[in-house]
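As structure tokens, the structure follows; a few thoughts come after it.
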Amino acid sequence: MKKFISLLIVLAMLLGCAAAFADDAEAGLLRTAIRYDIRTMDVARTTDDYLIPMNVFDRLFETRRGKDSLEVVKSLITDYSVSEDGLTYTFTLKDGIVFSNGSKLTASDVQYTFERLLKIADQNTEIPLEVVGGAAVMKKEADTLAGFKVTDDTHFSITLTAPNAGFPAELSAPAMSIVDKETTSAAAAFGTEPKDTIGTGPYIVTEWISGDHYTLVYNDKYWGTAPSVKKLIVKTIPDANTQNMMFLNKELDIIDLQNQDAVVIEGTYKSMPADRMVSTPKVGLTYLILNENQKYLKDVKVRKAIGMAINADEIIQGIFKGNAQREKGIIPTGVFAHSDDMKAFTYDPEGAKALLKEAGYAEGEVTFELALNTTKASESVKLVYSYISSQLKKAGITANVVSYEDSAWANKRNSGEMESFVATWGMDYNDPANIMYTFFGTAENVKMRSINYPDASIIARVSAARAIVDDAKREAEYKALDKKLIEEDAAWIPMYAELHLWCLGDRVASFTPQWAGFADFYAADVTLK
Amino acid sequence: MEQKTLEVRNLTVCFRTEKGIIRPVNGVSLDVPAGSIVGIVGESGCGKSMTARAVMGLLRYPGKVTEGSVLLNGRDITNLTEKERRKLRGAEVSMIFQEPMTSLNPVVRVGKQVEEAIRLHTDCTKEEAKARTLEMFREVEIPEAETRYKCYPHQLSGGLRQRVLIAMAMICKPSLLIADEPTTALDVTVEAQILKLLEQLRDGGTSVLIISHDLGVIAKVCDYVYVMYAGRIVEEAETEVIFRRPAHPYTQGLFRSVASLREGGSTLETIPGVVPNLHRLPAGCSFSLRCGECDARCEQELPELKETEPGHKARCFRTGKEAAE
Amino acid sequence: MLRKKREQLEQAADIRLQSQIGEEERFWFLMRRMARENKTAVISFIFIVLMILAAILAPVLTVYEENDMDLMNRLSAPGGAHLLGTDEGGRDVLTRLLYGARVSLLIGVIPALLSLILGAVLGVIAGYRGGITDTIIMRIADVTLAFPSMLLAMVIMYALGGGLINVFLTLTLVNWASVARVVRSQTLQLKNSEFVEAARVMGVSNRKIMMRHILPNCLPTLLVLFTLNIPTSILTESSLSFLGLGVQPPNASWGLMINTGRQYLFTAPWLSFVPGIAIMLTVLAFNFLGNGLLDVLDPRQKKQ
Amino acid sequence: MLRTLARRALQALVVLIGVVLLIFVMLRIVPGNPIETMMGEHANAETIARMTKEMGLDQPLLTQFFRYIGSAFRGDFGTSYSLGKPVAQLIGNAFVNTLLLAVFAAVFAWIFGITCGIISAVKKNRLTDRIFMGVSLLGISLPVFMSAMFLQYIFAFKLHWLPISGTDSWTGFILPAIALGWNSAGQVAQITRTTLLETLQEDYIDTARAKGRGPTGVLLRHALRNAMLPVLTMMTIQFSGLLSGAVITETVFSINGVGRLMVQAISGRDIPLLQATALLATTVVILGNLLADSLYSVLDPRIRKEG
């Protein structure tokens, strides 16, 4: 017995010695983690997994955080101009840019990028479809884009089917990552094999072990300023708790706190010095979608009453501990044409009750289903659901939270039959079209998003707004649409936008997140000590 | 005085249980003279096997010898350490058990099991041990010893297994062999063979203590018999004497039940009742509960074991009287 | 013959004792014996009864409602107005524990019962009919048993989707095969016993023989299996909940509570601890009770 | 004996075919179009139709089944919807980790379980017995993820003895192996104790003691050999269980193993991946059972000769 115990002690001591692993990080290495492994590194096949595209590829433009607002800045181009009619854009590529395999970046690479998205015809086809001849390429009726003219290696022009003032912003979306024509067309496994996935960006992906980690290293042929981070290891750690422990144990250098409950963040990281916490408003918003085909929800008064019964501020303070900001319109703060003076939906449960009475509904009569995607919802979002349900109950409205597993959820939503749900949209680029058009731009979008918004004239206006070249006019039109859709029609109940929080480890000097529309970040924005 | 292989004096075994202390063996004294076969007879649960185990030092937890002494060849072995005891077991005193079917380790070849006994007690080499084992096999009349040596227990018949067990017990030539119900699990024909073997062993100089509930077995081979009931010796005498003139009502009852079986009668004559619970022994004679002839005194007072005739002792008030009358 | 009689003689008293009391009396006799001899089983039984009572009386026992949220009082520590603290939504943990007990106990009991019925019926049919029926049923059972239970549960939950009813169904489908196997082997033994022969000679229909004569004889075994299947189901569900495949909100099982609380392990450890300990104790209690029943009801253990 | 084994193997094959069929059917009666699910937010009808056709999902079920069997024999299990890589490659990578984890867990479970069981049996009803049995009961009654979380919290996070997650070095396997193996260790300890106690009651133990064997000799040479038979069988079955049942542990410790692939497959509605992982897990179990059967008949002479 004694022997057994002493054996245990010796074993424990041995393990203690073996535990010298935490601080062996080499200089220039940044270690971080993601919750779910990526599916592909190819933007033609995903709209979710942008971490690798953002760091390995460049785009013609990038969205950067300016002093007060978001700015679209030139990246691979030195200059561009727009024709009078707003249809034709002419670009000049920077000279001497090479891909990480040494191949030169030329205008035909850009053309190939556009055509490839259309030929694969899977994800992210919306932007190249705007180019003249895009539809024909996608339907395999044409091999090349008619609207894409290559003048020489560095000069090209793009002609759109309709004017779109937001086009440069769209080109900053990760979806428009420029790939190398020769390498990519010859590669068997672009997007799945690291060696085939070649870009001009600051990093080269060298390793991707599904479910475990991937590694990016600095691209020494990179044309821009050399980043401080020379190597990036991204581990797949599905468990948030494990991520927290790893970070606190210095096994991670930076942790993305998105999707963690604010109380946990507060509790876990409260002892962190202020400069270790980095936050940026998430450009996007979380809102309640109400299906206008539903028996009760088709009544605008019911929708407005729902909006008035929900105390968004309490959600922000209670659930997010202030790490969120109030959003009152469709177009989120920081995005072009965002209006600060939206007036809809001040918290007023009595007013909501009165409104329901006015609409002729008895207390408790209005009933609908609040669909929860249990696979994807974070704890905070689950709380928001429970909270909305309990708030509506107080106003005499029954909202039954019904759980759907991911695929069932997607199927039901896409069929346009989901009665209501809480959703979050993160902006892909800095233009209101990205949210307005996606939700209200076509009859199909309206149905597929399960809103079933009935007003065809407004749908037409949303679609047309994209073509207004004059910034002032376009801004005015989008603001008007926002007011109409929310204040008058209560098509959505906008609620809040979470702040995107990161915590920095000891090895990181600073981190300035550039664009927080989507979850991923540029490793080049991190400076190591 | 004749030499005694085993002398047990006033042996008491205690069991500490949740409901109190019980004494499955209560002041038992018995002798096994050299070169003789002595039997202990009684119903199951009367303490015969426990007596044998106590002699062997093989009592199971929480059983404990609390009183009395055991002398083996004149040497008191009661207070030996476990280690010293172990040296005796298998060498000077051996034991075979009731169930030849289960008394052999099923996953070890029988030859090895027999061999183990001799290698534990002597420094012989493997080859010598094997040779000795085969020799022993032949001695206990196991045919085709070489083949049997390599067999597993389940491949042998009950009789052969018992022979193997006897070979194992006898391989170190012990002076005493304790046989606990050696034939109970065997056919009648095999039973006779095994008993004959035991007699041969006795003739070879080994004393044998047979424990059995079977009066037939006792009658066939024993020189001297002890009858046990509820942890005590209730009657003892030479076999012939006891069979001719059973003195204790319990012994008489045993004989009657056997007799009724032999006659093939349809009614089974049994001793009424069951062996009493050791937790609730009567104050007087343990057998008083089942005895047809018991009186007030039997229920109050424990009778002594006393001679009813020379060389014949019984623990009964009545027989004492009878003899006196 | 002689020997047999001799043994009979020896056991005569015992035999008479046994033949005089009927099956039912014997059962209660054994139960009393367990109550006397196995204190752990008794304590476990009392614990389970209390647990069931607490679950039933949940609305009476607490002043809070199951889903009452208090966003300003999230994760308040145990003590004070909330004996076991509040959870991430400011809901009273004790209240949710009691309501969770309803779900978790149902998850334990209902699949155990359903799989028992399904398994017993199929097992008896397979054992009694034999032949092709037996082969088919037992091959299906083999296939079911070839799955690691967690995987099978995952795959079925995948096909059915989450929710309480589907959890019941899944756990039933996971557990029936082992019951069927045991019942079948008992049936095979009983099939050739004298009383079944007698019933057959008297022209009792096969169905009646199976239901009236064979199944009742399997009851002690079934009782043990039932008791031991309950904790297995509770544990499996908690694992499913962990993977997000089990009970779905707004229902709260203990497994789901642990899983939700997991994210608050640093900040509010009681969120996982409390339901975790509840599961542990319940599982232990059922295991102890089951083993106690096994000790007295299983003839193989009589030797000891 | 060979004949018995052959019969068993044949039975196992039948079961395996049943398993494949069951998995195949079960995954295809799921409502909803898997392609649609896989495409997510930006699904469009044309693409869905095209992909459905490419993947052969428009074919009758039976055709799909035979096609699947056919390519499975060639080692081609299709391409994962959700991870975009060949399933065989994904599983190949993950299986190594799972195998290592299972081996570590089994070694822990067996050493710990058997030692505990023996000590408990020898010290029956004493304090040591109670403590060891308490530890093993805890292993049986604690949900795996709880023990995993606590181990991770105490030994990795608080004490810094071992890594929190990952498989970068062998030390990363220790905690998950203990978490995973604890339950099995508990079972092994319990059954070792019970069978050993039963065995110690056997007559041949008396024979051995009557022969002059000391307690250690009796325990090691006679009792253990017999008591280990059911334990060994159980251990073999357990090993296949560990190999296929590490889902939770792998998730908590972020080990890229087959279990996590399974979770990934389920949340991603990834039929090819789920199909293959389920198939792998059940094959392992079936083989494990077969091995247990054979092992038993090799070790137990009673069965060896009769069969």
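Read from first to last, the chains carry the letters A, B, C and D; within each, the first residue is number 1.
The definition used in the following text is that contacts are C-beta pairs under 8 Å (C-beta built on N, C-alpha and C of every residue); 3 or more make two chains touch, one makes a residue touch a chain.
Since this is a predicted model, take the numbers as computed values, not measurements.
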From chain D, which chain is the farthest off, judged by mean CA positions? B
Which chain's mean C-alpha position is nearest the mean C-alpha position of the whole protein set? D
Determine which of the two chain pairs, C-D or A-C, is joined by the larger number of C-beta pairs in contact. C-D
Using CA atom averages as chain centres, what separation in Å is found between chain A and chain C? 47
Euclidean distance of C-alpha centroids - chain A vs chain B, Å: 89
What whole-Å value do you get for the distance between chain C and chain D if each is reduced to the mean of its CA atoms? 23
At which residue positions does chain B touch at least two other chains? none
If you look at chain C, which of its residues touch at least two other chains? 244-245, 262, 265
Residues of chain D that contact two or more other chains, please. 30, 149, 153, 251, 263, 267, 269
Residue numbers on chain C that touch chain D, as the complex places them: 139-140, 142-143, 146-148, 150-151, 154-156, 158-159, 231, 235, 238-239, 242-245, 255, 258-259, 262, 265, 272, 276, 279-280, 283-284, 287, 303-304
Where on chain A is chain C touching in the complex? 239-241, 244, 260-261, 263-264, 266-268, 314-315, 317-319, 372, 374-375, 379, 382-383, 385-387, 389-390, 401, 403-405, 408
Going by the contact rule at the top, pick out the chain B residues touching chain D in the complex. 56, 58, 61, 82-83, 86-91, 94-99, 102-108, 113, 116-117, 120-121, 152, 154-155, 165, 168-169
Per the touch rule above, chain D residues touching chain B in the complex are 124, 202-204, 206-214, 221-222, 225-226, 229, 299-302, 305
Sort out for me which residues of chain D touch chain C in the complex. 11, 14-16, 18-19, 22-23, 26-27, 29-30, 137-138, 140-146, 149, 153, 198, 201, 240-241, 244-245, 247-248, 251, 262-263, 266-267, 269, 274, 278, 281-282, 285-286, 289
